[in-house]
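Starting off with a structure, shown below.
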Amino acid sequence: MNGTGTGTAAPSETELGELRAAVRNFLAAKSDEHAVRTAMGSERGHDEKVWRQMADQLGLQALTVPAEHGGDGLGLVELGVVLEEMGEALLPSPFLSTVVLAATAVVASGDVAAAERLLPAIAAGTLTATLAVPDHAGSWDVGAGLRVTATGGRTGAVLDGIAPIVLDGATADVVLVVADGPDGPALHVIDGDAPGLARTPLRTLDPTRRMARLDLDGVHAEPVGDPASLTAVLDRVLDVATTALAAEQVGGARACLAASARYATERMQFGRPIGTFQAVKHKCADMYTRVQVADAAAREAARAVDGIEGAPAAGIAAAVAHSVCSEAFMAVAAENIQVHGGIGFTWEHPAHLYYRRAKASQLLFGGPAVYHERLLARVGV
Amino acid sequence: MNGTGTGTAAPSETELGELRAAVRNFLAAKSDEHAVRTAMGSERGHDEKVWRQMADQLGLQALTVPAEHGGDGLGLVELGVVLEEMGEALLPSPFLSTVVLAATAVVASGDVAAAERLLPAIAAGTLTATLAVPDHAGSWDVGAGLRVTATGGRTGAVLDGIAPIVLDGATADVVLVVADGPDGPALHVIDGDAPGLARTPLRTLDPTRRMARLDLDGVHAEPVGDPASLTAVLDRVLDVATTALAAEQVGGARACLAASARYATERMQFGRPIGTFQAVKHKCADMYTRVQVADAAAREAARAVDGIEGAPAAGIAAAVAHSVCSEAFMAVAAENIQVHGGIGFTWEHPAHLYYRRAKASQLLFGGPAVYHERLLARVGV
Amino acid sequence: MPSEMDEFVATAREFLDANATRRSGSADLPEWGVGEDRITYFSTDPPEVDAAKVAESRAWQRTRYENGFGWVTGPRAYGGRELSTLHDLVYDGLEAEYDVPDTGVLSLIGLGMIGPTILAHARDHIKDRYLPAMYRGDAIACQLFSEPSAGSDLASVETRAVRDGDDWVVDGQKVWTSVAQHAQIGLCLCRTNPDLPKHKGITALLVDMSAPGVEVRPLRQMSGGADFNEVFLTGVRVPDDHRLGEVDGGWRVALTTLMNERATVGGEGAGPAARALSLPFLTELLRANGRLDDGATRRRLAELYADQAATEYLNHQAIRKLRAGTQPGPEASVSKLMYARNLTRGAHFAAEVVGPRLIADTGEWGTYSWTELLLSTPALRILGGTEEIMKNILAERVLGLPKEPSIDSRSPFRELRRSGTAGS
Amino acid sequence: MPSEMDEFVATAREFLDANATRRSGSADLPEWGVGEDRITYFSTDPPEVDAAKVAESRAWQRTRYENGFGWVTGPRAYGGRELSTLHDLVYDGLEAEYDVPDTGVLSLIGLGMIGPTILAHARDHIKDRYLPAMYRGDAIACQLFSEPSAGSDLASVETRAVRDGDDWVVDGQKVWTSVAQHAQIGLCLCRTNPDLPKHKGITALLVDMSAPGVEVRPLRQMSGGADFNEVFLTGVRVPDDHRLGEVDGGWRVALTTLMNERATVGGEGAGPAARALSLPFLTELLRANGRLDDGATRRRLAELYADQAATEYLNHQAIRKLRAGTQPGPEASVSKLMYARNLTRGAHFAAEVVGPRLIADTGEWGTYSWTELLLSTPALRILGGTEEIMKNILAERVLGLPKEPSIDSRSPFRELRRSGTAGS
């Protein structure tokens, strides 16, 4: 427990429990399987009414926005609870792009003007946003050059290039773009309907999380923050994003575990519930073990990112959680299909939606090869 | 089946069955667990009487020695049967060092004088021998320099240096040594009792397979073969040795599987044989799967090394077998302990002797990192 | 003097040269960056393409049949040649060198499994009527065994058949029925006596798939295609002479079918998925993604290749045993387990190499196309017997481990259903 | 104003400063190439070293006890302080900063598991007699539960106890008994009524290990040491007042002991083996072997470290829950499963890095020494409950999956033995 946290106190379990119950009830009403399938088949990929209700009824978009910009100023420990529930319900939503990627980037940039322009609207649920890091490898490695370039001065830059895969890129009201400029890579913001911006929705492995290609042809952009601090900003965004994703992954894994345990208890084969067979029973126990370890990793990362006393270094805990939770969710989602047998690989059964989410989440920030090396870099090996 | 074998015909299953039965009966009489434990506790590490009987009664040392040098001129398919049985019985013996490493090196060198001097005695069981490749990494990588150097001419060289780990190095009557000479690395032969040679027996992970350090201080040596062909000679020895080892590993794995299946059938827990529990049952099925695949790999490698029609390239099949059989034996030996529970990790139970053999065999020619890269090199990736 | 096998090979070669085009070199290995960008285990096509392919299959099977290669191992009375399984394999090996239509729609289930079952258990006039039609390519047969509630416990079929005069009246639902949408006949396991233990009250009937009351609905799998069907049977009349085996003796009939299923397993090393995971193709994948020098990737490639090669060697060994006259036994399940494992690992390996370009289709060749394989591999561990069932078979039938204590093999089926419902 | 916990910490700090030396920095992390070249999970020492260490343990425990830190959670009547488990943990955390003797020989079994069991189930004068002696370091206690034929099925004990006047006469054999060679007392499960179902006819007796008929023989494990014993009981007389719980009610007593075993699991992250597999040590291992830049090795290191770190985080979480007042339940088995898995993977990882120098002792530091760990890890997956038992517990008690149908919990033990022998 001799960590490096700076001494923030942890929120109480009671408060977290209340938050969880509120989100869970909301999602049970708004994001059951039918709603998920409807949203994933819709043009925009999510239900905009639910997005507004999330803001109006629960204020979820405001949770981690700093108080001075219209939010509650809470941390990843609280946000983790929300994302865990969203992951469990497979909610299709621009939450990860808007609240996690974009808002964190704006806050981390220290750009007060951008924060004042964007954060209150994000907190109010009236603005969706995303972040594009159009590097060549898809692993946020901005040092090796970017596929979007910025010309012009520090105000009123012009962006050209391609961002090949951008989370919620087709629907976001504004897009933060990292582009190579005269002072090196720098953060910019463009409007989603800016002239010169073509947005092409892409087929996705995970139909509950949309991606788009952005083609930028002389798009007007506002610089955000100081290019000198961009690496630090992106490191922070990556720590926050992978920690948030880890919580979502734990939620998804938990849903798979619950489905398997339920099916193993109810499904009869050879005159017995299949859960009485050790092969199935131990599969469920293995899934449980993975979920518990992933859960601990996700929570520790949230505490670390929030700087809670006694927590380990944020960069390390976030990298550990990203690795452990990515693999746990993938393994548990795959095993869930096996426990279900034939019915588990039909289109009608939700098992494959979790499998798709698990694989897409694992690869979202580069995938195993990238996150393992990132972890070693964070621990200095 | 469109392989590259040169058209040698495969020996009949009937002949192989007879050979197997003869070796099995011999080992049942000479190498039961008590005999193995006695031999492994003895000074020389093997029973010399059994070694002579192997030659006198079964002619095993002669099996693969070319007919022109007093042997039967058979191949790895036949030798594999013998080694499989030896592996199953965990026979402590200088067979691998003498018949596989040393004899193959002499034959491959094409040095007729050395062959005439050494092979008839090996075939007769009156000479034991070994091969030392004192490279720096322990992976037969002679290009990076050797720890033994040869000075003097092509006749009557003098060797100096250290061979840190030599199989049966303390007891072998003659030692083939690869040493760096004026013409690059070259094969030499020295007497086991040559002046200037100090042989230090080493503690070993596997007490049934002895290792020694050789310190060479001006040891008289005879060159063997042409240094220009050394790489080809060592490649051939490695293909033959890893194929032979693969057969031995399959035998060891088969013994572990049989022990587990027997114990699972006999051992009662919770009022039932433990083999009725799927956890144990499926562990045994997994072991069986590994053994079958390893068995196929070892046999295919033997056919390939023997150049049997339709077999794949020897270098590839041997590398596949080395990798697959090393990992199968290690996994099966470890699982065997788990199936046995507490009794399985006592000193008195033979399970750990197989575990030790499995790990030591896996690392004998460099270990996983080396054999995986060697496999890729052989397939040209 | 040429051997009998040499002569067989010569005749087969002559037939193939006359009726098909020989492929050039390794034409069945896909080339990186060339051709259709699709990596799949299942073969789902749009309906019109599917129908055309079935027609081609039927035509090629008719050509084979008319030239004596439609049923190499079958009796002469039904157009076969009464040769060994080895001859069959040798012919397959030769044919693989030619560019001919894939006849899987006919052979995997119908000719490979149902044909031998009809031969073993049907009355003579039924054999006369269906066997030549099947091996001539006219009749496609499907296997109506699996049911939603039975799952791995095949003997728990609930589809009822009730005797009515000379007919049986069949009601129930089957599932995971491949080729049912193309089939003319289906071999259907029915519960005929629920008062007997579950293995004893089953009867096997040959159902005319065009009979009133048979409805085939496609079943969409998670990878998007519909390679299987649900088959609903509502008051379907089946004449008693279409019964295979004895009344209530259908489990023995089913075992004949299942044994033939296991025997066909060895050949699974082929197929577009296995080819995509071949070493040359994966090497190009690594090269295209700049990972050919990455140690971690190389290590995983080597591990994958070693297991693939060893599985291939295992199949070689099975063929050698067959040549030596040994019939494959339950140990053939090893091949299926390894095949599923290798394909699963391979798909995840490729996914890791491709990275984020797997999650959205950027149009780049050889990236998003891996998703279909990734979404197909879970099925491999379930279809044709789950891994758990395979492992039970290996442990009990090969290693001789004792069976789990079971109550449901002796109790009347009717009671099992009751207690089953109560227990869930 | 300082809280009660602050005051506790201050007192403990004062005690430790007065009686022990504080370590400098991270002194418990082994340094590469320095010191004893031994990497082990077990603690086998030569007998004379062992005896000296036990004496040091006893002395340090006495010092603790006399200063009020011998039994932080225990009743004042027996020299305890009646504080919470959290106080105990806090004290352990503080003590870890000092260089003090390892008291595992006393605490792992005796003070951690047998003490609480005696407290819960023994008569008052037995508590008076043994509890202070144990927590003062005078009496070492062992657990006489496991038997050769019972294995994982702990309730199948066959050691008999027959009533004779005021005594019980005990005959049987126990196995896997750690610290028995040093113990003064042993808690022994005995079959007292074979006509009852197996869980019902067991009685728990506190055996004087110096009584006539008790023989302790060391049991050598595969790694070479003898960390366990066989204990032979031949006509051993135990007074009835040394019985814990009711006659035939010993299974409840055993459950108290086993619950306390699970509660101690969380702390297994320490120990010389875990330290050898710590990131700094492994990094030096890679550096010494020139593998720090090898992608495949790095990948495996990252995977290993991620799982180790996550397991550590899981333990942090358990401690936080404890702080919040939640007692650990069966889910603590996850920690044990992960610990065994991480150590096993770590040992094989190190073996691969070391390569051939693992198979023979060349004298080079940090090479052959990994063999001892490699030969210890198989035991980790068995001792204190096999993986299979752990998984049953997780599936049934945490996930609520149904139990396997069992006949042996209701039949009289006598009949089980008979059918058991017949069935094998």
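We just call them A, B, C and D in the order they show up, numbering each chain from 1.
Note that a contact is a pair of C-beta atoms (placed from the backbone, for glycine too) under 8 Å apart; a residue touches a chain by one contact, two chains touch by 3 or more.
For clarity, every value in this text was computed on a predicted model and none was experimentally measured.
Chemist: Which chains does chain A share as contact partners with chain C?
Modeler: Of all the chains present, those in contact with both chain A and chain C are B, D.
Chemist: Based on the averaged CA atom positions, which chain is farthest from chain D?
Modeler: It is C.
Chemist: I'd like the Å distance between the centres of chain B and chain D, where a centre is the mean of that chain's Cα atoms.
Modeler: Spacing between the chain centres: roughly 41 Å.
Chemist: On a C-alpha centroid basis, what's the spacing between chain A and chain B, in Å?
Modeler: Between these chains, centre-to-centre, one finds 53 Å.
Chemist: On chain B, where are the residues touching two or more other chains?
Modeler: 265, 272-273, 277-280, 282, 369, 372
Chemist: Quick one: which residues in chain C touch 2 or more of the other chains?
Modeler: Residues 294, 296-299, 388, 391, 404-405, 407 of chain C each touch two or more of the other chains.
Chemist: Residues of chain C touching chain A in their complex?
Modeler: 146, 148-153, 156, 175-176, 219-222, 224, 291, 294, 296-297, 351-353, 355-362, 368, 371, 374-375, 378-379, 381-383, 386-388, 391, 404, 406-408, 411, 416, 419-421, 423-424
Chemist: In their shared complex, at which residues does chain A touch chain D?
Modeler: The touching residues are 1, 13, 257, 261, 264-265, 272-273, 275-278, 281-282, 284-286, 288-289, 292-297, 299-300, 310, 312, 316-317, 319-321, 323-324, 369, 372-373, 375-376, 379, 381.
Chemist: Okay, in this complex, where on chain A does chain B touch?
Modeler: Contacts found on chain A: 277-279, 282.
Chemist: Contact residues on chain C for chain D in the complex?
Modeler: Against chain D, chain C makes touches at 294-299, 405, 407.
Chemist: In the complex of these two chains, what residues of chain B are touching chain D?
Modeler: Interface residues on the chain B side: 137-139, 164-165, 202-206, 211, 213, 265-273, 277, 279-280, 334, 337-338, 341-349, 351-352, 355-356, 359-360, 363-370, 372.
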